[in-house]
Amino acid sequence: MSTVLETRALCKTFGALTVAANIDFRLEAGARHALIGPNGAGKTTFVNMLTGWLPASSRRVLLEGGDVTSLSQSARVKRGLGRTFQINTLFRDLSVLDNVARGVAERRGIAGRMWRPASSYGEIRDESLDLLATLGLADDARQRVVDLPYGKQRLVEIAIALGLKPKVLLLDEPAAGVPSVDAERILQVLGTLPADIAILIIEHDMDLVFRFAQRITVLVQGEVLMEGTPSEIAADRRVHQVYLGEQRHA
Amino acid sequence: MTHSGGYGADPRIHWLEWLPWLAAIVCFFLVPEYLSLGARILIYILFALSLDLILGYAGIITLGHSAFFGLGAYVAGILGAHVGITDPLLQMAIAALAAAILGIATGAVILRTRGLTLLMLTLAITSVCLEIANKATTITGGADGLSGVVVAPVFGQFRFDLFGKTAFVYCLVMLFIGWWLVRRLIYSPFGATLTGIRENTARMHAVGAPVYWRLVSVYTLSATIAGTAGALLTQTNQFVGLNVLGFEPSGELLVMLILGGVGRLYGAFVGPIVYLIAQDFLAKQWPEYWYFGIGVLLVVIVMFARGGLLGIVDLVVAKVQGKRP
Amino acid sequence: MAEILSSIVSVAFHGAAYGMILYVISVGLSVTMGLMGFTNLAHGVFAMAGGYILSSAMTGFGYPFPLALVIAFLLVAAGSIFLERLLYARLYGSGELAQVLFTIGLIFIAVAIARLIYGTQAQPVYLPDYLKGQVQLLGRDFPTYRVFLIVFSAVMIAALWFGVERTRWGAMVRAAVDNRAMAQSIGINTKRLFTLTFALGSGLAGLGGALGAEIISVQPTYPFEQLVYFLIVVAVGGLGSLRGPFVAALLIGVTDTACKYWVPQFGAFFIYVATIAILLWRPGGLFGRRA
């Protein structure tokens, strides 16, 4: 198993406030890894540092062995790092097709072309439609994103990331704010993702976490509390304390 | 009908889009006494197209677009008046090149910022240009402007005469080329990138788009077109004055574009046509009321009709067709 | 040597007077832009209005200078409340472009009205007799009015800083500038806060415009011509801060005076170049929070 994503002693401080302290983290190829922790633990901050959205205060992020700490977001994406956002970050007034096509076009390197019309690039459209079909969104391709129900918008968020054919996929609360029917759909979709992609999800929905993840990292106040298999985490006393307070025997 | 491009859009030219050109040709024959106003309108349409590229499509808010317009105007003027380069196409090419250089130089530097800082920088740049033009009187003529700009006949045949016929056709051809290029750009993948950056910059970063370089590219292109428009202005008037630089012409262009409708390609046509014709008839009679009216119009548009005149047309059409706009 | 020293003192003095006036006018813009996130390019209109009201109050109605100043402040503040409630408030969430266009429209309207009522020439400046002439300080002669400007502005600035640092209103402003949503959720009536602060900032602008009529002449094109300077003060100083624009205004005042005195052929060139350089080095302004 090769390590595709790694952080070494990653730190982030805002003045006197430390939001990430010495995080050592490893993600293997094909991993199904979840990051959990109470609110304010620094999970989204961690992901933001992984993607380059937020510069780290110190130490390193490595992608496939290469140091990407000083690279911009787009550069990291080009190297195979994809993400979704906790709050939908979509082109709301554009069609679903147009949303996904932007990502596909960037990956294929034609997004900078100025001469031929975009719609003449049939391969982009075809690939986008195929991708949408795997997520069950093919019928909504021409709809504006803003006209779709929230659950489907969340799926579009994932679709865009998949269009980048990432080696590592970071999903920030993919089922957040979504009714449980749609959350089920999302879990289904996550199950169909290619086996060689390494996936890290941040989630609060413990049901989803335990059904999806092979390994779980618990983050508390910017530090890694522990890491292990789902059963190890579920059995650990400290994790219970962190989530539920001091346990009174039930 | 908006021309927003994208991967699902039909890029073919709709028959309605040939109307403006038809109208221009008709005007050439029917109202020859208004050809100099006509040339002015054509120049400002080209200028407005350049602004729409960065403002309407890429979402860069600038008050300094006059810097490129003015630079193009002055370069053409200086070439014709001092340097002795009189071939109009050569003057235009050099002016466009100068504007492109200024565009890429300033764009590369200021497009790393956003918001008020960006706005301020654009204003500062055009103010610097205005100040230079104002003070370097030996080259630019200062506050009196630069007269005696010599422009040779186009292709050695067509003289820029007082009747404005050559000027009109010359500007029309240039506008056609400019329009055609801008339209292609909007429908291209690059154009799709621009609307993406405007709609959600964060998302564009997250799909790996080199946002900064795309913005610098479109800024440079836009500057080149604006510079060309400025050169055309100097060539048609054989004169260039300080009123091509600074905040006022930038502000006025913004008004024209908003009036027509931003980000829809033809707003850049409708806006200057309506504005300049109205200005020609009204501003001469009641100049103070003209400014007042423009101010009120701007406030009203912002409050009630963000899409400008074409936006209103869209609403009306939708109502008539019984569709949701 | 003494000559150079003398001209340096003179430049510093006049530069300080200009800078203080610039600050008094622009501080309102900095606070409202930081507080409300509203790009108000029409700020110069309030300053111009103050200048015209002072002029009319003194010549048309014969009011004495101090009273006319108070009237200028109050009328401009009242007018700004009216504008804010009626128009500005509708555009708070509307995005930068809408705000820029709206305020440009306001400028056009104000310029046209000014031209219609007052004509295109600059307003002549009427100083009360007790502020004319020279005053002796440290063995040199200084124009009395400029000394008055510096002292009066310093007092007002001190009062303003005290008000923002020590009063409850000031605390609310600082909280809301820092984090509007948070401030609302702890019960601060941001609507009223905005209106009050906007009125104060605009009133100060009017006062500054009235006081500074001798340095920045009051004419219809005022909002267009001076906009650059006010924006420079705010952008270089840092949005939402109080101290930043003060430093920026003084810097501009002194630099502009120095350039006009020693290298007039360059005019305002250096100011613009310096602004560009500073903003590129620190996009958030010298004392700003974020870019």
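Letters are used for the chains, namely A, B and C, taken in the order the chains are written, and counting of residues starts over at 1 for each.
As a working rule, a residue touches a chain if its C-beta (ideal position, glycine included) is under 8 Å from a C-beta of that chain, and two chains touch if they have at least 3 such contacts.
All figures in this text were calculated on a predicted structure; none of them were measured in a lab.
Participant: Just how many steps, at minimum, does a route from chain A to chain B need if it may pass only between touching chains?
Facilitator: Each step joins two touching chains, and the minimum needed here is 1.
Participant: Chain with the smallest distance from its CA centroid to the overall CA centroid?
Facilitator: B
Participant: Determine, using the mean of C-alpha atoms as each chain's centre, which chain is farthest from chain A.
Facilitator: When every chain centre is compared against chain A, the largest gap points to C.
Participant: Which whole number of Å gives the spacing of the CA centres of chain A and chain B?
Facilitator: 42
Participant: What whole-Å value do you get for the distance between chain A and chain C if each is reduced to the mean of its CA atoms?
Facilitator: Centres of chain A and chain C (C-alpha means) sit 48 Å apart.
Participant: How big is the gap, in whole Å, between where the Cα atoms of chain B centre and where those of chain C centre?
Facilitator: Taking the mean C-alpha position of each chain, the two centres sit 33 Å apart.
Participant: Given the complex with chain A, which residues does chain B contribute to the contact?
Facilitator: By the definition above, chain B touches chain A via 5-11, 184-185, 187-193, 195-196, 199-200, 202-211, 214.
Participant: Tell me, which parts of chain C touch chain B in their complex?
Facilitator: Counting only chain C, the residues touching chain B are 33, 39, 87, 90-91, 94, 96-98, 100-102, 104-113, 115-116, 224, 227-228, 231-232, 234-235, 239, 265-269, 272-273, 275-276, 279-280, 283-285, 291.
Participant: Report the residues of chain A in contact with chain B in the complex, numbered from low to high.
Facilitator: The contact residues of chain A facing chain B are 51, 53, 72-74, 77-78, 82-83, 85, 89-95, 97-98, 101-103, 105-107, 110-121, 124-125, 128, 142, 160, 163-164.
Participant: Which residues of chain B touch chain C once you look at their complex with the stated criterion?
Facilitator: Residues of chain B touching chain C: 55, 61, 63, 109-110, 112-117, 119-121, 123-125, 127-128, 131-132, 134-135, 247-248, 251, 254-255, 258, 262, 288-292, 294-299, 301-303, 306.
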